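Here it is, the structure, as structure tokens.
Note that the chains are named A, B, C, D and E in the order they appear, and that numbering of residues resets to 1 at the start of each chain.
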Amino acid sequence: MADTLTSSVPPGAAVAEAAETAPARATGLTPMRRRVLIVAVFVAVVAAWQLAVTALDVSHLIFPGPLAVVQALYDGIASGDIPTHLWVTLYEILAGFAAGALAGFVLGALIGQSALLEAVLYPYVVAFQTVPKVAVAPLFVLWFGFGTTSKVIITATIVFFPVLANTIVGLRSAPREQIDLMRAFTASGWHVFRMVRLPHALPYVFAGLDIGIVLSVIGAIVGEFVGAQAGLGYLILQRNFSMDAAGMFAILIVLSLIGIVLHAAVRWIARRVIFWADAFTDLSRGS
Amino acid sequence: MSATLAPEAPPAFRFGGLHKTFRSKDGGDVVALHDVHFSVRRGEFVTVVGPSGCGKSTLLRILAGLERASRGQVELGGRPHAGSSRDVGVVFQSPVLLPWRNILDNVLVPAEIQGRDRAAARERARHYLQLVGLSGFETKYPSELSGGMQQRVGIARALVNDPLLLLMDEPFGALDAMTRETMNTELLKLRERTGATIMLVTHSIPEAVFLGDRVIVMSPRPGRVTQVVEVDLPSPRTLDLINTERFGTYVSGIRANLHASGGLD
Amino acid sequence: QAPAKPLKPVTIALGTQVVNVTYPWLTLPIALGYWKEEGYDVKVVTVGGSLQGIQQMVAGGVEFAQVNSTGLIQANTDNNVAVRGLMGTGVIDWGIGVTQDGPIKSVTDLKGKKIGIFSLGTGGVPLLKGYLRSNGIDPDKDVQIIATGAGAPALEALKSDRVQALMFWGSALTGFQNAGTPLRVLYAPAWRALPDFTFATMQKTIDADPAMVEAISRGAAKATLFAWTNPDCARRIHWKNFPSTKPTGADEATLAKWDLALLNTQLDTMKAAHAMNGGKLIGAMDPAAYGRMQDFMQGEGLIKRTVPVESMLYLKPGFVEAINRFDHQAVIDAAKACKAG
Amino acid sequence: MSATLAPEAPPAFRFGGLHKTFRSKDGGDVVALHDVHFSVRRGEFVTVVGPSGCGKSTLLRILAGLERASRGQVELGGRPHAGSSRDVGVVFQSPVLLPWRNILDNVLVPAEIQGRDRAAARERARHYLQLVGLSGFETKYPSELSGGMQQRVGIARALVNDPLLLLMDEPFGALDAMTRETMNTELLKLRERTGATIMLVTHSIPEAVFLGDRVIVMSPRPGRVTQVVEVDLPSPRTLDLINTERFGTYVSGIRANLHASGGLD
Amino acid sequence: MADTLTSSVPPGAAVAEAAETAPARATGLTPMRRRVLIVAVFVAVVAAWQLAVTALDVSHLIFPGPLAVVQALYDGIASGDIPTHLWVTLYEILAGFAAGALAGFVLGALIGQSALLEAVLYPYVVAFQTVPKVAVAPLFVLWFGFGTTSKVIITATIVFFPVLANTIVGLRSAPREQIDLMRAFTASGWHVFRMVRLPHALPYVFAGLDIGIVLSVIGAIVGEFVGAQAGLGYLILQRNFSMDAAGMFAILIVLSLIGIVLHAAVRWIARRVIFWADAFTDLSRGS
């Protein structure tokens, strides 16, 4: 109206489509280039592995090259060995993760709500946690049998702690104003928990779950090292004894893939659950 | 323990010799409130004015059960005040919305906490959102609202349970003149309808006079009540009152007390 | 040919981490149905080690355990737990493997060297220490004993000269040789006269169900004979019935050769035990041999007290005869024919 | 690309056909700014008024480099605007203080970021803290300050680098009349001294007229500029101006434009 | 002035002393009673342990009673066995923790700053992490020798991940307004990191360190299971071999104590570093 300038942009064009699209900005790369880079890095890693094995002349007995491992992986899958044992281990991982995460969250929620419970209980939690699972695994086998149950429980005890520790800190990280808001409206402890503390704890809980899911892979394997008749951990022992390094690495690759997929799943869920915060997004704002 | 001069009606709330001292992280003590006395009748509308940092919010937070007095008495409905009460609605100085709840659900927070009937609460929430001019924003999230819009959500939230005591800390601070005037009028209507006792902190002296049955004037460091002005203006109050001489007299009287020289507000 | 009675479930704990072809007396009876014929449905589980096997028996999780003689003796002496040896299934077949064309020719050459061992918590350590000491080497000063774990890393440690010798049990040393590293194996002759692997149960199990103890032991004895008669057939039956325990990492023929070598090493040990314990009845145990073992352990400070050897072995007259009471010729014939292969 | 009518002096900044649309989480689009044109001369003081939610903050945030226009041009000092600039100071609508820094260190944030001389910056920080009436609070932490005090820390922070362009989003919203008037006067003095270009968003029409060389009046949904008022009042402005008729005419003109009926502010 | 009421409190009395004292309110118990409760729970736990062992008639070979364990603990300390090995393990725990935490923090800070780095690197981190340490420990021993170095590195690899995962989420949890503040004042990525993202990440980092310190105890022990000649893990193996269950439990008690003390130390530091937030305080406000 009082402007001395004219616009160089034709009026009336659609504006909605220009609404910011964050991802491209986030990385500074187009999705296509990004994918290319990821593949390039993968190729580089594999090449470096092959090169290291060749150049350093590492014995294939302990550190086989990628080709041998891929061959072993193929053989293991073709023979049905890996798939058979995979299901056992996957079940242990998922069941153990679920049980441990739930226990960690529930106990964490209790301790997070009460300083008294913390003073009284936390030392025992830490004590229980510092006991090496390998040392007490036989006890678990004793109590819960040779089947998958004992492995599920060993896994759960490992997953438990990161979820617990993060839940406690997370529940306490809620800002004072929001707690005050709840108190002003006569909220009970449960309301404060559900409406304020829990949402604030969620990024922590999911970070704990992320740590937990990775530990659960290790947990199931360690559980299988003691008294298992099936599972990938059992297969590792077997192949270690028969000095099949490539075969063992093939299983480690399978474990890694399980870990990567489960990790991605946790992040995927986190992103959807914690839609209001940026903690699990791909850094939608530059810095 | 008791008043030597009994007030006509049992007070809605009462401060007796109230002191509040904050211990600061840098070691020093800050006296936020010093020997504050006053009581407020049921159904009364009191407004509080005073310079920034004089203890207005602290006073309100003590009444809301969010701070404890260092010394002295606070009574609510004739009983020693302990914690918060279901009949109190609070508007905070900053909006304090929950980012994971949409606007409607934010307004419903107090109703949910107090387990009120859901359908009726939603009805009221929509009503008050309309009142504050936010119809159509029910499903938006707080981060998608402007500062003033967020503040209005906070107002609707305080009203949703139809509280008997309404505590408002600069509720219209981020609002433009027009919206503010609408809000003022609506607030007076609300008081008329529900008979609620209202304490409203503002930094606008005209607003304090326009709304208040009494205006509490405070001075800073340490925060004290320096003046309590009974506003004797006709009721129901309308906006043309503002141009009357009596209104002007009240405003300039308080302004003088606050040592303010001119008047932009 | 379904049995009239339902099979009684039995679990045997194997005091190792991994089942492979080298436990024919525990795996073949399952494959060949020996135990089923006697009315038992047997499961063999690995539990990691002897202690775990004994713990499982004590807790009632398993009925039998395959344990080392050290475990058996410790349980009976220091821990006062009534574990009973049922069958002797091996002598100490540990040895010190050094590279075949390397500088170490005899035990005295080990002075100043590093010696790798599976774990420092195994019976190999006291054996090694005692052997070194009797050859004028102070095991705590003149050598370094290092835990290398099993399998490839241990072998690699030897090949890359991080250790100069590997103290392992027989089949492990065979495994190293399978992997292409010819070894010279040094050992104290006295070791081969000491009992090691023993099939065991609890006194309470013997008291509760002597028939079962006898039947299970008999199945093991039959399988022992079968394996002695035709090792390669035993190997094939094992592979067929327990495919998941079959090794991987090489072609079929090589794997077969390797596993046969492992099995033969084990069978040698079993035969040595057989000879040591009288050479007639399979599974017989010579109290004198276990007495030597107990003395050795006391000498090494592994146990604080001793008990009469007879109390830790199940020596009831007629028992060992009973477990040998089967048609030996039929087993030999079946093995030779290798029907099940 | 370029202006068809060249302004007398190169503008401090310029909006050309600016549009801003937000995509909302509930799916709908919100048009915050629609076809906004105007340019501001160097050293000019523009004020922006308009009802809550009309896009004032969005406009300011675009200029501060915190939002991108959906369409149209933004020029700063004659060049297309890309990101933030060292010469810009910003006061946000909410204080946004860093809770782990004391007040002095909060004020020093921009100086630290831009690597200014430490001693000199501390000197200026203390000076501006005094200006906003917070001497003695240097070592307190943000949570220990009242709402108005926090807002004043934000003002001192925006000033600490002596910016050439000062963007202020309702900087005095939480301040009482007296403090506000002091601030207004200080702001005019500052402009006099440094020659800074200032854009100030306010919800007070008198404040907008008192401070502004021009007042930009906006209307909501979609946010458009409906009026640009050149304020031709004597300079330096003093508070007694407020009671003059010309001042009143400007105020009521803008008020009329905003369809406001009365005037509490 | 216009008040109709008189105060019942004598004016002029000291008010400063009434400044709120949070701790008592936090637990609803006086510090003294709190201490009594903690001791009572400890006694109850030990009594329950003894009772369980007696009542269930568990073999001392599997689960020794508290008396036997205390006796073994005393013997172990008196004989000098436990102290000697304790120092070795403690060194490994602390060095491994320091190295792993530092690595996790630094890599976490890099990944937390860049979505691209995350897409490219995180899968390898997860892959590396899912490999059971027990399976690759022999490799570490081969590469880093039989001394403490390999154990320190094994410990570090275990500590690494919780710190990394928490650092990433923490760095991304900084509120948008504060990032905007920094951007408006032309902050570089480094400034945003140091002045805003890092302080916000600290509660996460410390939660990660808390998880890490507990894992480092396990890590050192697991490391000592393979290729160690000293340390509490070695002692566990030895006592395991000699079927000294009470002796083994005595070491587990020592490990638990190490864990509890180190955990308390992490929390103590956290409380001091993160002075402005409540995440690590003893819930100074009720709910």
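Going forward, a residue touches a chain if its C-beta (ideal position, glycine included) is under 8 Å from a C-beta of that chain, and two chains touch if they have at least 3 such contacts.
Note that the coordinates shown come from a computational prediction; the quantities given were computed from them, not determined experimentally.
Participant: Mind listing the chains that sit against chain C and also against chain E?
Facilitator: Chains in contact with chain C as well as chain E: A.
Participant: Is the C-beta contact count larger for A-C or for D-E?
Facilitator: Of the two interfaces, A-C and D-E, more C-beta pairs touch across A-C.
Participant: Taking each chain's centre as the mean position of its Cα atoms, how many Å separate chain A from chain B?
Facilitator: Inter-chain centre distance comes to 48 Å.
Participant: Taking each chain's centre as the mean position of its Cα atoms, how many Å separate chain B from chain C?
Facilitator: It comes to 85 Å between the two C-alpha centres.
Participant: Could you state the distance in Å from the CA-based centre of chain B to that of chain E?
Facilitator: The answer is 46 Å.
Participant: Hey, what residues on chain D touch two or more of the other chains?
Facilitator: If we look for residues of chain D contacting two or more partner chains, we find 22, 25, 94, 141, 143.
Participant: Where in chain E do residues touch at least two different other chains?
Facilitator: Correct list: 62, 138-139, 142, 176, 182-183, 187, 225, 240, 275, 277.
Participant: Scan chain C for residues touching two or more other chains and write them down.
Facilitator: 51, 55, 59, 151, 153, 156, 160, in rising order.
Participant: With touch defined as at the start, can you tell me which chain A residues reach chain B in the complex?
Facilitator: So the residues of chain A in touch with chain B come to 177-178, 180-188, 191, 195-196, 199, 274-277.
Participant: Can you check the complex and tell me which residues of chain B touch chain A?
Facilitator: Going by the criterion above, the answer is residues 61, 64-66, 83-86, 88, 90, 92, 94, 96, 98-100, 109-110, 112-114, 141, 143, 161.
Participant: Could you pull out which chain A residues touch chain E in their complex?
Facilitator: Checking each residue of chain A against chain E gives 26-29, 34, 37-38, 41, 45, 62-63, 113-116, 118-120, 122-124, 126-136, 139, 142, 161-162, 165-166, 168-170, 172-173, 176, 179, 182-183, 187, 189, 192-193, 197, 203-204, 206-207, 210-211, 214, 217-218, 221-222, 225, 233, 236, 240, 248, 252, 255-260, 263, 277-283, 285, 287.
Participant: Within the complex, which stretch of chain D touches chain B?
Facilitator: Those in contact with chain B are residues 22, 24-26, 30, 49-53, 56-57, 93-94, 102, 133, 139-141, 144-149, 152, 169-170, 173-181, 184, 203-207, 210, 239-240, 242, 255, 258-265.
Participant: Quick one: which bits of chain A touch chain C in the complex? Just the residue numbers, please.
Facilitator: Touching chain C: residues 59, 61-62, 72, 75-76, 79, 81, 84-85, 137-138, 141-142, 145-146, 225-230, 234-235, 237-247 of chain A.
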